[in-house]
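Next up: the structures, one after another.
What follows is chain A paired twice: with chain B in the first complex and chain C in the second.
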Partner chain A sequence: MEITSAEIKRWLFMANEKMQYNKDYLSELDQAIGDGDHGHNMARGFQETVESLKDDNEEDMGAVMKSAAMTLISKVGGASGPLYGTAFLKASDEWKGKQVVTAGEFAKGIEAAVEGIKTRGKAERGGKTLLDVWIPVLEYVQNQELVPTELTKTAKEAMEGTADMTAKKGRASYYGEKSTSHLDPGAYSSYLLFEALAEAVTKEEEG
Partner chain B sequence: MNKAAVVVISHSAKIAEGIVDLVSQTKQPDVQVFSAGGTEAGEIGTSADKIKAVLEQADGEGGVLVFYDIGSAVMNAELALDMLPDLEGGVEIMDAPIVEGTYVAVVEAGMGKALEEVAEAVRRQEFVK
Partner chain C sequence: MKKLINDPDHVVDEMLDGIAAAHADVIRRLPGWNVLVRKDAPMIGKVGLVSGGGSGHEPAHAGFIGENMLDAAVAGEVFTSPAPDQILEAIKAVDSGNGVLLIVKNYSGDVMNFDMAAEMAAAEGIDTEQVVVKDDVAVENEEDRRGVAGTILVHKIVGTAVEEGLNLQEAAELAHQVSGSMKSMGVSLQPSTVPASGKPGFTLAEDEMELGTGIHGEPGMERKKLKSADAITEELLEKVMAELEVSSGDETAVLVNGQGSTPLMELYIMYRKAEEILTENNISVKKAMVGEYMTSLEMAGCSFTLLKLDSTLNKYLP
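Presenting the complex of A and B:
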């Protein structure tokens, strides 16, 4: 399976729809163990991302991702801005100059993104962060053919798994054991992002 | 040689500016201290773009020490630095209490110490017992 720059753009548009729709829920998750602005921040960041891509005929996947990265860095705020921004920026390097990527090249982009998040956030798997969704998704795209329903399932189960974790990073870590039993907001927005990817790819197959 | 400069990053513009005010009491006119507080919209938070602009302003052969507060501040500082591959001097992002660290750095920089020596002086403080 290949992924095209049109699908990447559709991914970002669908991600925006999900961030808007789940804005209040994301903020509610963030209120429990953070500063309560995650939904607002993600909705604003993706709205701006979509605005800047709307009339853009860019077909270079790397350029699309880089433009999204720069907008997220500027507009999301919180820790999510630099983390998602870095992830998208690292992926953009891998997909630079390409209008279509193979499954393997796509996985390389996600791998670079995960490495970027790890470095930027000095976090590892199991710390109740967005990495707890990104890493299982990376392992899925590295090892299996991309089946949209399976991708969504992988991301969803990974996101749900953060409820049992104790936060080791970010403001949630100040809550220590109290953070346990809450879903991580960053993991939830990452799940939405990958659900959007699954839907963006599905649409292509139907079309 | 220019003395090392100092950048103070806080989620709150008032905190960052307040620290700049506070360290001005050290009377080190040759040490430039910059604040990068709050978001570009003037809200609580940090901004990689804002920090990037301040780092460019503070950059010089003496280098820059960066102090920060909670959460995303350090991530945005590192991200801003990644976006600036061609700075003239070095940059040290310091993991230290923001007020005390900045204070020590300004005093040490005022003595004309090199960037790395100033950073070392801050680390030697062992602020947390």
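Presenting the complex of A and C:
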């Protein structure tokens, strides 16, 4: 399976729809173990991202991702801006100059993104962060043919798994043991992002 | 929510315009950016000092722009770190070729955004150094300690020192020294409400207090029945003194910081007891600061910061 720059753009537009729709829920999750603004910040960042891509005829996947990265970095703020922004920026490097990527090249982009998040956030798997969704998704795209429903399932189960973890990073870590049993807001927004990706590639197949 | 605002989405922008208008003799706003700088920035021959973070902590940080203090302050959304491009603009506006010291409070968002800004500044040929302030002893693990009111003492001491000609490396070393010589801890009685969310960040019963609450309402060490000012002062100061390892004969600076809606009357009542305790332990107070320095919107409560002085710090603390 190949992924095209049109699909990448559709991914970002669908991610924006999901962030807008789930804005209050994400903030509610964040209210429990953070400062309650995650939905607000993600919705603002993705809204600006699609605004800047709307009239852009860019077909270079790397350039699309880089533009999204820069918008997320400057518009999301907080901890999520640098984390999502760095992830997109690292992926953009891998996809630079390409209008279409193979499954393997796509996985390379996600791998670079995961490395970027780890370095920027000084975090590892199991710390109840967005990495706990990104790493299982990476392992899925590295090892299996991308089946949209399976991708969504992988991301969803990984997100749900954060409820059993105790936060080690960010504001949630101040809650210590009390953070356990809550879903991580960053993991939830990452799940929405990959659900959007699954839907973006599904639509292409139908069309 | 009962607030004097026009639109929750515009609070930061409108506040920055207000600050710039009210203090036009000292401060100007970089057009199009959430950055306030010293009117005469960049100061030729001097290391630039930049701090910043989420809004809602006023007067931190813009209120500390001026001679012997900061050259610029970057304002994020309420309780949300500013983005790297904003921080970069501040760095560019105050760099006179001598480099810029970034004073950052230890929150993951602030640390990451300032890191990215420093990388972007390096790409533009501007030297920066960073100090990450971690004075809140309510968090056990030292590396995870939050930056709270003590940050103001870093502004003050390093601000004076760079005005007297310290270079970037020396300024960074001094900032690390100040940061490592102070500890803080607070108590909160009532939560604050972020305008965009409209709901209090946490809840406390009428007769309850929380020890060690963070400046954004992060959970503290424990909740218990409200006690007298003297008893709370004893409890907070005991923890701070133990963590700082102060002993008989030491000289200190003390900061009693109001969190936003606690009257000065109460802050002075707390200070009175604090000085009594320090005196009993033969610890002298060279400088006392009592007031609102690092607020948390309308949170009620206060924090104590104790800074242990030595000859170097004494030199730059008027």
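In this text, the second predicted complex is superposed on the first by the 207 of 207 C-alpha atoms of A that agree within 3 Å, B and C clash if a C-alpha of one lies under 4 Å from a C-alpha of the other, contacts with A are read in each partner's own complex, and residues count from 1 in each chain.
By our rule, a contact is a pair of C-beta atoms (placed from the backbone, for glycine too) under 8 Å apart; a residue touches a chain by one contact, two chains touch by 3 or more.
Here the structure is a predicted model, which is why all the values come from computation and not from measurement.
Asks: With everything superposed onto chain A, say whether chain B and chain C fit together or clash.
Replies: clash
Asks: Classify the contacts of A:Q144 with the two partner chains as first (chain B alone), second (chain C alone), both, or neither.
Replies: Neither partner.
Asks: Please determine whether it is chain B or chain C that touches the greater number of chain A residues.
Replies: C
Asks: In the superposed arrangement, does A:H40 touch chain B (first), chain C (second), both or neither?
Replies: Once the two structures are laid over each other on A, A:H40 reaches chain C alone.
Asks: Given the touch rule stated above, what does A:T102 touch, chain B (first), chain C (second), both, or neither?
Replies: In the superposition, A:T102 touches no partner, neither chain B nor chain C.
Asks: Quick check for you: in the superposed arrangement, does A:K178 touch first (chain B), second (chain C), both or neither?
Replies: After superposing on A, A:K178 lies in contact with chain C but is clear of chain B.
Asks: Check the residue A:S27 against both partner chains and state whether it touches chain B (first), chain C (second), both, or neither.
Replies: In the superposition, A:S27 touches chain C alone.
Asks: What residues on chain A does chain C touch that chain B touches too?
Replies: Shared contact residues on chain A (touching chain B in one complex, chain C in the other): 73-74, 77-79, 81-83, 85-86, 120-121, 170-171.
Asks: List the residues on chain A that touch chain B in their complex, please.
Replies: Residue positions touching the partner: 73-74, 77-79, 81-83, 85-86, 120-121, 170-171.
Asks: Can you list the residues on chain A that touch chain C in the complex?
Replies: Against chain C, chain A makes touches at 27, 31, 35-37, 40-41, 73-83, 85-86, 120-121, 169-171, 173-175, 178.
Asks: Of all residues in chain B, which touch chain A in the complex?
Replies: 39-40, 43, 45-49, 70-72, 75-76, 78-79
Asks: Where on chain C is chain A touching in the complex?
Replies: Residues 76-77, 79-86, 107-109, 112-113, 115-116, 139, 144, 146, 194, 196-197, 199, 201, 214, 216-219 of chain C touch chain A in their complex.
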